[in-house]
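The next block holds one structure in the form of structure tokens; read it before the comments.
Each chain gets a letter, A, B, C and D, in the order it is written, and its residues are counted from 1.
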Amino acid sequence: MGDLGAVSVGIVGASGYGGVQLVRLILEHPHLKLTYLGGDSSAGKSFGELYPHLAHAVDLKVEKIDVDLIAERAEVVFMGLPNGIACGLAPQLLAKGCKVLDLSADYRFWNLETYEYHYGIKRSDNTVAEMAVYGLPELYRREIQEAQLVGCPGCYPTASLLALAPLLKQGLIVPDTAIVDAKSGTSGAGRTPKVGSLLAEADNSIAPYGVARHRHTPEIEQIGGDLAGREVRIQFTPHLVPMVRGILATVYGTMRDPGLVREDLFTIYNAFYRNAPWVRLLPSGTYPQTKWAYGTNACYISVEVDQRTDRVIVMSVIDNLMKGQASQAIQCLNIMMGWDDMLGLPQLSIYP
Amino acid sequence: MGDLGAVSVGIVGASGYGGVQLVRLILEHPHLKLTYLGGDSSAGKSFGELYPHLAHAVDLKVEKIDVDLIAERAEVVFMGLPNGIACGLAPQLLAKGCKVLDLSADYRFWNLETYEYHYGIKRSDNTVAEMAVYGLPELYRREIQEAQLVGCPGCYPTASLLALAPLLKQGLIVPDTAIVDAKSGTSGAGRTPKVGSLLAEADNSIAPYGVARHRHTPEIEQIGGDLAGREVRIQFTPHLVPMVRGILATVYGTMRDPGLVREDLFTIYNAFYRNAPWVRLLPSGTYPQTKWAYGTNACYISVEVDQRTDRVIVMSVIDNLMKGQASQAIQCLNIMMGWDDMLGLPQLSIYP
Amino acid sequence: MGDLGAVSVGIVGASGYGGVQLVRLILEHPHLKLTYLGGDSSAGKSFGELYPHLAHAVDLKVEKIDVDLIAERAEVVFMGLPNGIACGLAPQLLAKGCKVLDLSADYRFWNLETYEYHYGIKRSDNTVAEMAVYGLPELYRREIQEAQLVGCPGCYPTASLLALAPLLKQGLIVPDTAIVDAKSGTSGAGRTPKVGSLLAEADNSIAPYGVARHRHTPEIEQIGGDLAGREVRIQFTPHLVPMVRGILATVYGTMRDPGLVREDLFTIYNAFYRNAPWVRLLPSGTYPQTKWAYGTNACYISVEVDQRTDRVIVMSVIDNLMKGQASQAIQCLNIMMGWDDMLGLPQLSIYP
Amino acid sequence: MGDLGAVSVGIVGASGYGGVQLVRLILEHPHLKLTYLGGDSSAGKSFGELYPHLAHAVDLKVEKIDVDLIAERAEVVFMGLPNGIACGLAPQLLAKGCKVLDLSADYRFWNLETYEYHYGIKRSDNTVAEMAVYGLPELYRREIQEAQLVGCPGCYPTASLLALAPLLKQGLIVPDTAIVDAKSGTSGAGRTPKVGSLLAEADNSIAPYGVARHRHTPEIEQIGGDLAGREVRIQFTPHLVPMVRGILATVYGTMRDPGLVREDLFTIYNAFYRNAPWVRLLPSGTYPQTKWAYGTNACYISVEVDQRTDRVIVMSVIDNLMKGQASQAIQCLNIMMGWDDMLGLPQLSIYP
């Protein structure tokens, strides 16, 4: 693991769940070598103190975040920091020639006013933000190939948009009938302890949250609008599920042409994702389980038509920390480097 | 527990999860005494062999199902058998003067053709079926008061209809925009072992099933139609959640009058459920967790309006084996006997 | 719930898991009425803000901890505070005539030096501490009857001692061969959020902790020594199990008399717990599940003898927040008041 | 995946949890190619019907078990069948030149009478059974290098013996004081549905089973005796934990020399496992979580000494389906083929 010709990679914000995924993925990637780990609260600790099971595999310490040091050590920088911090660092790293992939929300929005409104953070880096590419390879492959700065999608938007994209792009549904009822494991809330994420609270219970106002809504609508060629209003409801990982998006939409049957939809999805090796369409009557995507970069999708109601129901599952976060960022890097999409990424989930 | 004046109660189908709830509830009820347990596969076993933790509290054996014996022992009979069996027994028990509360689907449908189509079972007991009352007390209290035969609602229909009823009854939504995205714990599948219900399979995973064709749909539509005063088409999607108990129904509908705000809806729901002591409306911005209803007969409901999309989103939670099954049947019996709705039923969930 | 003749009860430290159990149990108890809730960090909040599912049942606010106020409102005070605080308050409350039941470790030790050593807290309230009774009714019923101050046992010691007591009291094992391998759900760590108690961390994993130095060891040894009539050294190893509630203690000991068989042990345990209505001995070959005790004050015990190894293996399960904490405190109060042990306490667990 | 020079591998008994692990591991192994899947009840089905998430990766059908066909297709055969079947097939496969690795108990015992007694199955294949090697590479590497037939260890014995081996081999404990208190996820019970393995039953509960008579005891004692150089009696108690995968063995033993401290033990373990790349010793005070081994072939071990009791406490964790079953079998094959122990096997667990 790690060779002379390997690309050097740094992670800023290495102590969280995004960070520990990236560490593992980089260690297992044939063309990457891990050369820097940075963090604030964990600076000075060895990575093995944070994650003892990896102590034998990683002998790096978490270091203070220092732009000069990072740029000296790493050609590529992944940023896994709280919202509002990457936008201060990324411009400096780009200026020093690093490629930057940001896991926060900072570079997901084309209109910074939308970001400012929903995230309550002022921005003044318009020029850099305009360079950013939305890192969903199934939709923006060409842009990612050329990118120096990637704003990696949120976990919910990834699952939602992979389910919705063919419907919106091909004009198959009335856009404003789109409803995304999404379900996520608790790791999406991160490693910072909160009462609601305690096992004692979250286990054996399911609950909605952020109803009608979750901030992944404008992100889904931005990309949905780009696909539809016009503004769209999408209903998005997230739920917390008593499991560690995984997102399921159950998507409803009213078909423009009620004559379409499941096989038509299947053909359309198949064509849409022909060059998307990580999207796996399921056969008729087979519905995805989040566990099938566990630990992999895959997205499983099932399409159903209800002739009684003229609705299409699309179900997609991903691992929220992988395709919904860290491994999708590596997939983007693979594309940026001209490598195969699949390179170095886990394909087969551990089951059961 | 148990007194001279107590009403004698028998359970046919005592070995399953519905049975074991009923046993506990009857033991804890001040006016009921348990006098008969019946079953097929478990006949001859003591109840303590099936559920060792209750051996100290129940010294009854499970007996063969014998109508004469049952009628001799019990004034009231709960039936928790697979679909298609109660409709053979109930007429005989009624003829012998028993009150019957059936937990299966046999007496839920006003049109037996609907039942025959969805359950694949022929029926010829129209006269008796017509006597049956749909056992959802919040909607059919008066009918239940007079009933000799109650068809207890399915677990999903209970959660769905308590969320939908005010909307449909007051004409607040366009009925055919109603979507019920429902989530259930695995105990709903019963105690008969199946691969999909194994902990190794179902844990740490969520998945949809029965999409666009689950047989609780016609049941929801029957009652929904009764409320709306016309036929309705409701989209219903169940999901299996990695937890033992609980159902959450997330219900979407497009408002007829987009001017309504959350407070209006809250007032309407409050009025609708004024005399429903088991329905608990939550304050603005508080969304229910299934765990809050755990082990109780309560239904927690939260109403939200999305002004952006003109939709109302209603969330309801119940314990699928309690309000969704066994304790709701006891609530019906309380009403049939002229007792208080709350009598003998658990009100406060164990938390966490 | 609540009558003129009821005993007034206050809870200091009402916001945690012990507090919410006590609230529920007091509400359901026929002779108690809840008159005061106190806390520090949560002072000023309504109880329904902390636990929304109970908002309909409790209209008390959490108030600042004020000894005069408490004594004015409550005849009995339960204290569920972090270690080291009750010992400052209890003397004042006792002086004002309250009965005090403390859930912390402050009044569990007969020798305050042991407490000071293991808990790192200085103590100067020897006179009051000497009044305290160890609140394990199966062993100290007579003392509890007379007590004004009860130091309620830890959750692990409760499960461990109920399994060990007959062995040590009757001299059936070589005391220093006693090993307690204990397993607990995560609610034992309380509601204060910690990384290790997050669902994302603790789910789907089991781990030991505090090996060879957990501070429940001296507590077990104090009572074990009292039973054995001499000092004992007991090996105690706790484990964190991915579940909300429940403790299982698997206890090993080498028999003094290898001729004893399981039936002998069963007879001895039966006699020992003849007047202990909450202890339930299981028949041969039936081993307890923690779920059987879920939500109740019961302790299920199974005794096994291994003739090959001359060891006795005793397995006991309790609900760590009930018999291991809150409901055991109510059981003590029942005894202090001269009521039945079972009064007002949940006897039958919700299953599954 | 799969190359001209790759070794052809068949799996008999492909539909169970052992089978699906092997399929994934073989697909990801650089020198193996999967050429045959066999089974009884699932014969005729495509593998994708059994495990839909792997449909895109495996296009083999499960075929009837036919020795000629297997031998023609596969140089190496893994057998994952119920106990008592492999011993009928293995002799024929060996006769045709296949290497055989059996995951059942059939070839684990050096004395077939022990097997017959504990498994209730008559055996007459002594000659072949004598060829079998116990497939625990950390103890029997040399024998495995030469083997044609490997009896792969049980999951509990693997975890137990890796913890016990240095103690017994170096005579550090009094052998008959050894107690193994073991905890396992429910996948160990296999994919065949049973009531006790249902999520509704097993979730949120822990319970012992097979106390004093589990049939992994004689297997642990056989190897333990080989290490100690004399017969040993080991107390073994398994527990079912509400999680999918993982085994934790908490091992107790009384030290012969009470003067030993933790560092001494650590040094001895370090030396013992110097050439065992899959065993990872943890630093002082760090105790293993089963999740750390999840999905990998690793075994994490922590050693603790209790000076108060003169006991050593060793804790080991493995993934029961990996190091406890399938990946350990691949590790054995790596050794048989002269490859590196680590070749093609997952090293870093997915966390959290």
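Note that a contact is a pair of C-beta atoms (placed from the backbone, for glycine too) under 8 Å apart; a residue touches a chain by one contact, two chains touch by 3 or more.
Chain identities (UniProt): A, B, C, D = N-acetyl-gamma-glutamyl-phosphate reductase.
For clarity, every value in this text was computed on a predicted model and none was experimentally measured.
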If you tally contacting C-beta pairs, which pair wins, A-B or B-C?
A-B
Which one of B-D, C-D or A-D makes the same contacts as A-C, at least in over half of the residue pairs?
B-D
Indicate the whole-number Å distance between the mean C-alpha point of subunit B and the mean C-alpha point of subunit C.
36
Distance between the centres, which are taken as Cα means, of subunit D and subunit B, whole angstrom
45
If you average the CA atoms of subunit A and of subunit B, how far apart do the two points sit, in angstrom?
39
Where does subunit B touch two or more other chains at once, residue-wise?
17, 185, 187, 191, 198, 200-201, 203-204, 242-245, 288-289, 291-292, 294, 352
So in the complex, which bits of subunit C are touching subunit A?
17, 185-187, 189, 191, 193-195, 197-204, 242-244
Which of the residues in subunit D end up touching subunit C in this complex?
176, 179, 181, 183, 185, 198, 200-201, 203-209, 211-212, 233, 235, 237, 239, 241-246, 248, 250, 252, 287-292, 294, 304-306, 308-309, 311, 313, 315, 317, 352
Quick check on the complex: what are the subunit A residues that touch subunit D?
17, 20, 24, 27-28, 51-57, 187, 191, 203-204, 244-245, 280, 282-283, 286, 288-289, 291-295, 300, 347-352
